[in-house]
Structure formats: C-alpha cells, structure tokens
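Read from first to last, the chains carry the letters A, B, C, D, E and F; within each, the first residue is number 1.
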Amino acid sequence: MKLSEATWTEVREADVDAALLPVGSTEQHGPHAPLGTDAMTAEAVAQAAAKRWATADTEATDDGEGTDDAVGSAVAGDLLVAPPVHVGVAEEHRAFDGTLWVSPDTFRAYVRETVESLAHHGIDRIVLVNGHGGNLEALAEVARRVSRDDASDAYAVAFTWFEAVGEHAGRMGHGGPLETAMLRHVAPDLVREERIESARDGGSARWGEWIRGVNLAHDSDEFTDNGVVGDPAEGTAALGEELLDRASEALCDVARAVVERDR
Amino acid sequence: MKLSEATWTEVREADVDAALLPVGSTEQHGPHAPLGTDAMTAEAVAQAAAKRWATADTEATDDGEGTDDAVGSAVAGDLLVAPPVHVGVAEEHRAFDGTLWVSPDTFRAYVRETVESLAHHGIDRIVLVNGHGGNLEALAEVARRVSRDDASDAYAVAFTWFEAVGEHAGRMGHGGPLETAMLRHVAPDLVREERIESARDGGSARWGEWIRGVNLAHDSDEFTDNGVVGDPAEGTAALGEELLDRASEALCDVARAVVERDR
Amino acid sequence: MKLSEATWTEVREADVDAALLPVGSTEQHGPHAPLGTDAMTAEAVAQAAAKRWATADTEATDDGEGTDDAVGSAVAGDLLVAPPVHVGVAEEHRAFDGTLWVSPDTFRAYVRETVESLAHHGIDRIVLVNGHGGNLEALAEVARRVSRDDASDAYAVAFTWFEAVGEHAGRMGHGGPLETAMLRHVAPDLVREERIESARDGGSARWGEWIRGVNLAHDSDEFTDNGVVGDPAEGTAALGEELLDRASEALCDVARAVVERDR
Amino acid sequence: MKLSEATWTEVREADVDAALLPVGSTEQHGPHAPLGTDAMTAEAVAQAAAKRWATADTEATDDGEGTDDAVGSAVAGDLLVAPPVHVGVAEEHRAFDGTLWVSPDTFRAYVRETVESLAHHGIDRIVLVNGHGGNLEALAEVARRVSRDDASDAYAVAFTWFEAVGEHAGRMGHGGPLETAMLRHVAPDLVREERIESARDGGSARWGEWIRGVNLAHDSDEFTDNGVVGDPAEGTAALGEELLDRASEALCDVARAVVERDR
Amino acid sequence: MKLSEATWTEVREADVDAALLPVGSTEQHGPHAPLGTDAMTAEAVAQAAAKRWATADTEATDDGEGTDDAVGSAVAGDLLVAPPVHVGVAEEHRAFDGTLWVSPDTFRAYVRETVESLAHHGIDRIVLVNGHGGNLEALAEVARRVSRDDASDAYAVAFTWFEAVGEHAGRMGHGGPLETAMLRHVAPDLVREERIESARDGGSARWGEWIRGVNLAHDSDEFTDNGVVGDPAEGTAALGEELLDRASEALCDVARAVVERDR
Amino acid sequence: MKLSEATWTEVREADVDAALLPVGSTEQHGPHAPLGTDAMTAEAVAQAAAKRWATADTEATDDGEGTDDAVGSAVAGDLLVAPPVHVGVAEEHRAFDGTLWVSPDTFRAYVRETVESLAHHGIDRIVLVNGHGGNLEALAEVARRVSRDDASDAYAVAFTWFEAVGEHAGRMGHGGPLETAMLRHVAPDLVREERIESARDGGSARWGEWIRGVNLAHDSDEFTDNGVVGDPAEGTAALGEELLDRASEALCDVARAVVERDR
C-alpha cells in the first residue's frame, strides 16, 4: 500500500502490519548516475518488499502452510510504504554540483517526527528503509530514540538495503557496481551508458582515506575526482535484479521481526 | 531540468536561472483524493513551469523577439526542479488516518537548509512552490530568513499555486473543486470517482469555524466530518487543465521577477 | 482587571473568565507616529474589551436580561488583561531606526511560555490581542500549539484588532488611516500632527511589492521611503473612537466564544 | 528619550549615548503590592536616570564646568529608555496566583535579541536595568554573551537597582521595605495600605532556607506563606524617594562608565 | 563510594543516600597552579565528605549515640561520588592559553542530563559539588530545573566549596590563598613554588572592575595580567587542610539536609 | 603534556603538535569491571601515545634519523592530553545501575565546544580518543562538523582504541577480553578477579540481536543478563600490555597524519 496514493479512509480500513519509510538523498553519483539514486533505490526496495509481503500473505491465507519460511505466516495485513525523504545527510558531497543536504540535527528531527505522526495513527512498527550511507548513523539514532520513548508504543529500526545483499555488500562503493546495477534494473533510462567508462576511470577504488581505522577525509572530493567509487561497469541489470530480490527479501524478514517483537 | 534525474556534471554545465522546490504534504484529502495530493499538484505545477520556461527560452533564442511578454526575454537558462518535500505542517489533519506531519520548527529548518545547500552551489534564486495551505506561514518565514542572511546571496520567495489561479482562487476548499480538478488532469487514476458524491455530502462548505475574523478551530475535524471542504464534483479535468496552465504561467512570472530582482 | 496592578491575592479571589494578552511591537510607524504604536493600540483594545465585559456582566447580573446580545449572558467574571509584549517579529522594519525585534522562534517561545504560566494558575482561556501584522503568523502558531498540548487544558486564539473592524479593515496600511485614527483617540499627544502631510507624501499606497500573489519585498524599506503605507490624514479621532468600539466589541465576542467552547 | 513614544525619525536624529532596557517581572509581591512591581520600579529608575542624564548634560553644555563629577562631562547626548520586559524568570513564585514566567532559556534569548536589534542601529552601549532578583543570573549571562560577540560592537552590562542603593541594599526582602518604599513614591495608589500589617505578619524575615551557604528552597512558598519577605511597613515614601535618587544616580554612573569604556 | 571504580552490581547492592557530582573547570590559575585546579579541589572535597559520611555512619551504628550532631544520625548508607565534570563555564579566561570551556547552554544540559541519569536509577538526591565561580549561576539553574521537574523525584542543590569555609570565604580570589592552600594540601607536586612570588606580583587584588555594584569586566584579562587574584603565598598547606576539613564538613551537612528534605 | 596538570604559561610556551581528548563513558561493564572502564582505557591510551610521541621526538632530534618509522620525524613538539569526558552516549545500558548518560545532542555539543575552545588557542589539530562504542557515531559527526567549519582552522578526527589493535579488534565484546585485558594492565586493582567466572557465564557471546544486518535490540539488557559480552577470562594482563602498545602506536600514526594533513 502506497501511502501517497491511498485515501485516508483506505488507510483507516486497511490492516497495516508495519510502515516502511524510504530515506534517500539527493547527491552526486558520478557522471553516469542521477542525483536521485538513493531515494529511487530505497523506494524500489520498499515497494518490492511490500509487494512480496502482500503476495506471501495471500498465499499464506490460501493454503495455511509454510509457517516457517513464508513472510505471511505471522502477519495478516499490509506493509505501508510512506513517501520518500529526498534530502538527507550528504554534506560530504558538497563539492559536487546539485548535491542537497540538511544538517544531521534537522534530518533526525524530520525523520523522527514523521515516524511519530505514523505512530499517532497506531502505525507504530516502522522500518526506515535507507539508501544512503551518510544517513546510517542518524537513522540508527532516530530508531533508538523513537523506540525508547515511553510516551508512545512505537518501535523502529533502520535498514540499509546495500548491507543486506549478502556477499555483494562488500562491493558497495559510490555510484559503483551495486547502485549502477540497481538503477539499470529499476530506472535504466537514467543511467548514462556512454559515460560509464569515464566514470570508472575518473573514480577511485575505495571510499575514504584511511589510516589505522580512521578515515582522514571528511568530504568525498578528497579521494575521488568525479565522485565515483568502484567500477560501475560491473553493475549489470541482471545483478540489479538479484540485488532487488535479495534486499526486498531481507527487508521482509526484518519487517516480520519488527512486527513480532515485544518492544 | 529535474534535479533528481540529472547528474552532477549536467548540473555543473547547465545554465540554471532559478530553482523551484516543490513543497507538499501527506495528509487527508477526503475519501476520494489521495493523501499525496499536495506534493503531486505542487510538483506538477513546478514541472509545467519549467517546461514553459524552456520553451519560451528556446523561442526567444530563435527569433530574438517578444522581449516584453515572453518568459525567456530576460533569461537564458533553465528552471531546476528539486525533488518534492512530502511531509509538511499538517497536524491540523491529525484526526484523519495516514496524515503525516512534522512540527513547524522542524519543517522550517528542513526547507531552509535544503535551500541553503542549493545556494552553496550558486543556485541562489529559489521559488518554494507550495501545494498546502498549512505550509504557507512557515514557508514565508523561511523565504524571509534565507533572503536576509548576509552570509549568502540567496533570495527566495514562497509561491502557492492555488492562490495564483485568478478568480478560481476563492474556491479552494480542501479536497474540493481546485484540487480535485488538478488531480483529474494530472493523476486521474488516483481520484476515486465513485466516492465524489459522498465526499461532497460528508464535507463542509467552508474551512474553519469563524467569529469576528478569528478561526476557533485548530483542527480540521472540528468542522468537516470526512475532511472535505467544498464540492469536488465541480472540479472537472478541463478546469484542472486551465488551473495548471494559469498556475505555471504565474510561476514563470514569479520566477522571472526573482531572477531579475536586486536582492 | 489589569494583572500588573492587581495583587496575587486579588487574582486568587477573582472570577477570571479569560485572559487577554496584548502583543505589540516596537517599530517604525512613519515620521508622525510613535514606535510603540502597536503595543499601545493592542493594549487599548484589550482594556476597552475588559471594561465592556465588566459592564455587560454587571448589567446582566442586575436585570438577568439580554441573553442574546449582551456580553455577560454566559459569563460571570472578569477578563484579565496581562501586561503587553513590547517586542515582536519586526525585522522587516530593520532599516528604520529604533525598530526592535526578536526572531520568530524566540517570540513564539516567549509568548507561549507566558501563556503556559497563566494556564498553570487555571487561567486557561486566552486571547492573544495583537496589534502588529508581522506577529500574525507566529501568534497563530502559538495558539495552535498551546491548544493542542495534551499536558494542559489551555485553549488560545489569536485576535488582531485591525482585522475585526468591519469594512475599515481593508484600509490598514502602516502608520496609515487606522493606526493614526486609533492613536488620535487613545494617545493624541503622541501623534506629530505637523508631520502628517509629509508622512503621507513620503509613504506608499500599498504594503509590499506584489506579483501573482507573491510579495517580492521582505523588508518594508523596499517599498516605502518613510515607512508609511496609506494616508494618515484620513485617520481622524472620530474614526479612532469607532475603531476602538468595534474592535473591543469584536474582542468580547471572541472571548465569549473562547470561554464557551469545548476545547 | 522614551523609545516607545519617539518616532523613528527622531531616533535617527537623536544623539543617543546609551540605551537602558528596563527588565521586570510579573510576579507576586505579597497581598499589598502589585504583580507588576518589578517592571514599574525598573522603569522608574531608568526614567529618572534618563532625566538626570539630560539635565546634567544641559548644565555641562551651559557652563563647560564640573568635568569631574557631573554626569554630562563626557557625554553629549541622551539615554534612550526602551520599553520594559514584563515577564522574566519567576517560576520560583509559581505557587502564587497571577505570577507569570518564561524559562531562563527563552528569557535570555528574548533579552539578547532585543539588545542585538538596538545594536543593529548603532545603539551598542546598553545597560539592562533590572528590578527582579530572579533575573540577575540570566541578565549577567546575556550581557557577557552580547559583549563577547565579535560580529557586533555591542557592550552591555546588567544593573539591578536595589543592589545600588548603598547601605539599604541589605534590606531588600521581597515586597519588603525597599520595594514598598519605591512603590509608595512612584505609584502610591497601587499599594494596599490596609494590608500592610497582614503582609508583614504573614511573611518571613529572610529569603530562602539556608544551610552552609546553600539555599535548600527552590520556590518561595517553601519559606513565606503570603509571599512577603521583610517588613513593608518600614518602606516609607520618603525612603522611596531616596532610593530612586540613589539608584538613578548610580545608574548614571554605570551608564557613563559603559559609554566611556573600550569594549 | 567512587562511582567510576565501582561495578554496576555493587551500586545496585549499595545503600546510596545521595550522590555528589564534582564539577570543575579546566582554566588558567596563574603561572603557579594547574589548569585542572577546580576539578581537583571539587573532587577532593567530595571524596573527603564521602569518607567523613562513611565514618560517621559507622560510628553512629556502633554506639547509637550522637543523633544531634553526627552526620550518620539520620542516614544509613553511602555518599556516591560521581566522576568529575572537567570542562565548565570559563570563557572569561579565554585570553589565557589552555583554558577550556563550553557555552552555558551546553554546560547546563550536560550536567542536568547526567543528574537525570542518576535519578533514573533511583539515586535522586544530588549535590553538585562545585569548584569554579563561573559555574555557579548555571549550576543553580540546573538544580532548580531538575528539582521542579514533575516527571522525576529528583532533588538537587548546588554547593560551592569555597563559599562554605566560614570566614575564609572572603579571601577567595583566583589562584589565590584558598585554591593555592587547597592544592598544597591535596596535590602539592602541582604547585610551582618557584613562581609563587611572580604569581602574586603579576596578579591583582580583586576580581573584576566594579562600579556601583556592576562588574564592567566580562573577561579576566581585563583586570589581571597573569590570571591571579589574591596572594597565593598566603595559602599554606595547613590552611589547605583546614579548608578541606571545613568544606567537607559543610558538604556533609548539606547532603544530610538534602536527604532529609521533603522535596 | 597533561593539560590538567600544566599551567597556562606552560601551555603558552609549549610546542603543541596536536591535542588528544580522551572520551569515555560511565557505564556498566559487568560484575567484574568498573563503571569507569571506558574513560580509564581511553586516557591510558592517550597518555601512552603522548609518552611515545615525546620519546620518538627526542630521539629524532638526537640523531636526525629514522624518518620513515619514527613518530618524531615530521613533528617537533608535544601531544597535549586534555582531561577526559566521563559521561557519554550510553543510554543503551540504562537497565544497569550506576550507568550515566547524556543525550547524543548534548554530548555532541559538549565535545564540539570543548574542541573549539582548544582551537581558540591555536591548538587546532585534535584527535578524539574514544573508549566507548556508543560514542562512535556522535564523535565522527563532531569531527566532521568541527573540520568543515570555515570560521576556524580546526581539523579533528575520531579514534577508537579497540578498533586499532589489529586482529584483536574482532574480539571486543563488552567487559570482555579486550577491556578486561587493558584494565588488568593499567588498573589491576579494579578488576574483581573473583567474579570473572560468573561474568563470563552470565554474559552473552555477541553484542546485539541481529537479523539481516539489523540489530533489533536498542538496549543491552535485551541480550545480556549481566552486561557482559565475550569472555573476560581471555583478557590477560599480557594481552593488555600488547593492546596498549598497539593502540598507542596507532594513535601516534593517526596524530602524525592529522598534523601533516592539509585540512
């Protein structure tokens, strides 16, 4: 169920198991990938999970089986997908045109209060579905704060899709294999194929500039000339399809755990 | 130029005259219209204005004429459309399921810092394109604060599309003639036609509960049972087309004034 | 009952129906009118309303009649007039000497906490009696926030006197007909009669610089050389008397509605 | 020069040496003295100092003598008296009806920003003229912060009138000898003479409940039943006249030091 | 009981009467005394009081006598000494190298939240044991706020050791007799004896630059060249021993009052 | 150079290459280890690094050799060790007695302003030496913010000692092998040897409760009964010595990189 497209009466009548809040960023992703990559991928994963959840649910209802592995075994309703947060914590890319950002303080408040408004309606199991590394710390803090608040029953966790794709997780980069693959699968028109090569050549192999476990670089232009980290050419559409499948499956697992958990 | 779909290199190479930041809300719009109405309509107006601007610009470049009335006469570049803000100041609808909101403080900070990040890249002429009445005061405050800040050259104003549609402005309501018309034109599948009648019957004729110029009602459920104000049936797709045309034309006029103004 | 002049024991013994908090501004009002105009007029309206309330109340008590139109029909006690807030949201006049202001954030906090301290004593029906256009948005926000706070029973609304004077409301201006009239009635010594003519000649006809419903001017010196908007000469003392009468009557109506309303 | 009564053109033309900002409180002062005592006395002291300053100034101009002891010796202009702050830090009196307060955070911001708006106009020598003990710490903090701010030339200090009355300072109390005396001199109608005796009898001899230099009582009702500390009967109008004389003379000395000091 | 050295299981099993939170500052103390003087002395006083408390307690338990003057008469447990706050409100010493400080806002929040975490565990009687004059106002504010908070049972007061040493209090200074004496007793190695003379000669006799009860100097370098106020040579180790004895005794008295008081 | 023990004159005369700010936490570390573990270990690592730095420096000065591996090759001065921050972000341990914490907002402000006061004196290269996992995110945010601030030249990074001990890093736990080892080396008296066994038996093997890369547990008592994670018995004093050696060496490397880096 997509919140933006539903009416309030439909939300009231719906059986919402949990809400997914896609959180992205509008920031440089190299010369070949769009600034909106993080919101697009986060939303794609959330939508795919909601669809998977609904299907599993129907099946579970149909045959009453598969209680161990089916998503729907313990849940009867829908995952509600809230509209995405498009601007996040991305000041590290400020050297690259078009990058938008807010301070971590403002970002935390914005996400937290949005979640609290969901909880106001009794939708108090929430997964923050994140598509940007720079948001990670802030979202984890929001999830903790919301969940510890004795004034509400809300329980939230933060999920970052590219950390939940098994062995591929290690190849993340920035505008690299994983994001390019996902885009080629969900928004192929937005990938500038003619610049893939230059994207790779002008990028760097690793995020950051490290010494003894400490990243000395606070901004991305300190270690990548064109904003790219990793080789986007490796990110095929087929890989993208696999990533979406894996990430949405993982998200359903997380959502189920969130629904079933005693806060 | 749609910021989310552009790459940072394209933004750097572009000739951006001004940025449009669509600001919506995710809030009840009656039983017939989607919760995302305000962001959808704000974004539609911004996109239409950007298209109109580009066309006028091209024409002006082609023949060098029409300096008095064409949009492009004084401008040579593009309007950049930033991704929409989906959650705004909407606590007044909290009685209706699915309505999301943040506090005015957080909303102001979020919009202001987003605008400041645009200005960081030299995109310092900004029109906040608003689709929700409840955001009005907060956006006006943000525009003033950003523009008065001596630390930047940013100049911003707030534009609310349904106040710039001539004689129709007086019929705004909520989920009423104007919004329903606009939706029927830009997102017809999202209007629940079968509930238009009940939407009208369960709504009210006027926003608020007034005495001597003071609205006694702080929340919308104090004066409308189903969230509707005004008659959605009056909002035809043809009217929607006219509204979009008028609002985008007005927005271009405002953008031009913003570009040309000494701050 | 004037709070500043009462003792705490008298407040405890009083039967307070509601409190009026006059909110002004210390800001330029042209070369002919004092910087304190907004606080003076707001306080004058509040005092006149309190007097009117007391009289009506007494009459109602005396004869038990007039339940339809008399102020006192539904109320038995007093309106408490708190001391005025002298500094408000007035940065738009910063180009003119002597204008004082605080940020909207600080202003909202100051007014809200003052109101909350009234509510602490059980005086939880409050009308913010405003004399300055620039305070409007902020006071409306405060009234909503205070009223929605589940931790208290407070209910507040914002009333702006020059919006409650019937057909005269449209002539407001700044240091123009309405304010000059009110001053000539309540503080005639403070009107510099010898500068009325130059005030008019050096002023402007309209507040702001508008295009398509958007005010491009964030500061008043962008459209008025001497700070005046409208013709002060039209503001006779007789008009002032009428304005005070109308505004205080309207304020009593609002106060009565506030007292009688289920929050 | 009283800021509220002046026009902006007069302020521009004036030769302002420094500004005085009276800061009071609206809080219980026993059964015999008004809630507005602190603002009234602070404003009276500020007005008396401004008058004394103006007189001294004129004399100094007339004869060119008395450079050592006359106020006007080093100054040529006026003291500007800003409108009073009526609500301060007074939660300690919350047990007594009608007492108003804001949090120290909000109070500091409100006073600081008011002072900064004065400084914006070049009026950057400011004395905060305080009439309430509970404001002391907060005002000292504001004065320090304003003065240390490298973004402005402002220099401010906090002056509390009852600490500048020589040997009388030790008899302050609350609603006691000093305040009652001052009121009997500047606002005799507001002293309830018939309750002076009960005020004394129901009060206490000392502010606070002390052990080893620590006041255990955070609220005044912990040590005084009717809010009074000290014997108001001792506060004659003659004493009030002396206090006003001493305090205003001291304030002129402080203002002169502030004007002459390299920040 | 020293919190840092205890395990959580020991705290759970302990009978904690009250907690002492030493609050210092890292700031210049002249050429002869260390920057950490304030934290060292505050912690020494707190430790001495905890030891005295424990001893008195034991004795009281042993003989069941002395209920009037022994510390242990009304208490059965321990004083818990929390780890010291090393950085306080000390911007006034910013001209001297190595001085650390935070804003008063941040300091108040840091101390308050630390106290609230103690109260979370039911340790809700707290004495803030202060060693720095600049912290005084902020700590008093924190103690009031914590104690007034209806959401907890916490009761806190602020104690400044050098105000609780009887007739010696008047000789405080800065890096002067009292602090030098205390250091010579508790940390003699840290006193640079060879610079005592120059410390005295380059210092000043009095803190601040006063006129009519107002300190014109916001920073200490305005009145002392080397940061010293008072004569450190007068501060013998013997005096230090006496000061520690007096201050810790006073602190026990305060702690007992705090434990026994109805909040 | 230990800041707390130095005088301001010594700091002024010193040649400070960079400052180390130890940041700990006061929180449960199982039944066998003290609440102050994190501050103790962070301070121990900082002190060891400062000593190592000084030694290397001297040697380098002596023979002018070893430019490749000696710490002192590029630096000539001292590492200044600031006093430790004892209370951090530790609400996750609130279920265990004696744990202290402040909110992340307050912690960030406190650390940031402390760092800014160092930078005020020109000590603008700072390493935050962290001993607590819960502080990590907040310190990284502070380091970024301080370093990006155009108003100062400060450059800061966050270093967490147990992440810089090579292959041992993976065994961290909580009150487990690494912390117990370090304590046995630097503060053996504070380890309750008699409870090591029960500490291990009542603890858990892993921090958190994970599903698909998401930790469902926001508080530590959700997955460990006695607060311990990992086996403390494995943490020998010999291992502690090695850890201190490795961590201080790594810290010197980081400090050197910070000193040499163009910000």
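One rule holds for everything that comes next: a residue touches a chain if its C-beta (ideal position, glycine included) is under 8 Å from a C-beta of that chain, and two chains touch if they have at least 3 such contacts.
Note that the coordinates shown come from a computational prediction; the quantities given were computed from them, not determined experimentally.
Q: Where the contacts of subunit A and subunit F overlap, which chains show up?
A: Common contact partners of subunit A and subunit F, which must touch each of the two, are absent.
Q: Going by residue numbers, if over half of the contact pairs line up, that's a repeat, so tell me which of E-F, C-D or B-C repeats A-F.
A: B-C
Q: Contact counts by the stated rule: is the higher one at B-C or C-D?
A: C-D
Q: Between subunit B and subunit E, what is the separation of their C-alpha centroids in Å?
A: 58
Q: Taking the mean of the CA coordinates per chain, how far is subunit A from subunit E in Å?
A: 50
Q: Express in whole angstrom the distance between the two chain centres, defined as the mean CA positions of subunit A and subunit B.
A: One centre to the other, that is 27 Å.
Q: Report, in whole Å, the distance between the mean C-alpha point of subunit D and the mean C-alpha point of subunit E.
A: The separation of the two C-alpha centroids amounts to 32 Å.
Q: Among the residues of subunit D, pick out those that touch two or more other chains and give their numbers.
A: Answer for subunit D, listing residues that touch two or more other chains: 91, 105.
Q: Chain adjacency by touch: line, ring, star, complete or other shape?
A: Per interface graph, the chains form a ring.
Q: What order results when the ring of chains is traversed from subunit C, passing next through subunit D?
A: In ring order, starting at subunit C and going to subunit D first, we get C, D, E, F, A, B.
Q: What part of subunit E is in contact with subunit F in the complex they form?
A: Those residues of subunit E that touch subunit F are 3-9, 11-12, 26, 28-36, 39-40, 82-87, 91, 94, 96-103, 105-107, 109-110, 113-114, 117-118, 120-121, 190, 192, 195, 226-227.
Q: Can you name the residues of subunit A that touch subunit F in the complex?
A: Where subunit A meets subunit F, its residues are 91-92, 104-105, 137, 140-141, 143-144, 147-148, 157-160, 163-164, 169, 211-216, 218-219, 250-251, 253-254, 257-258, 261.
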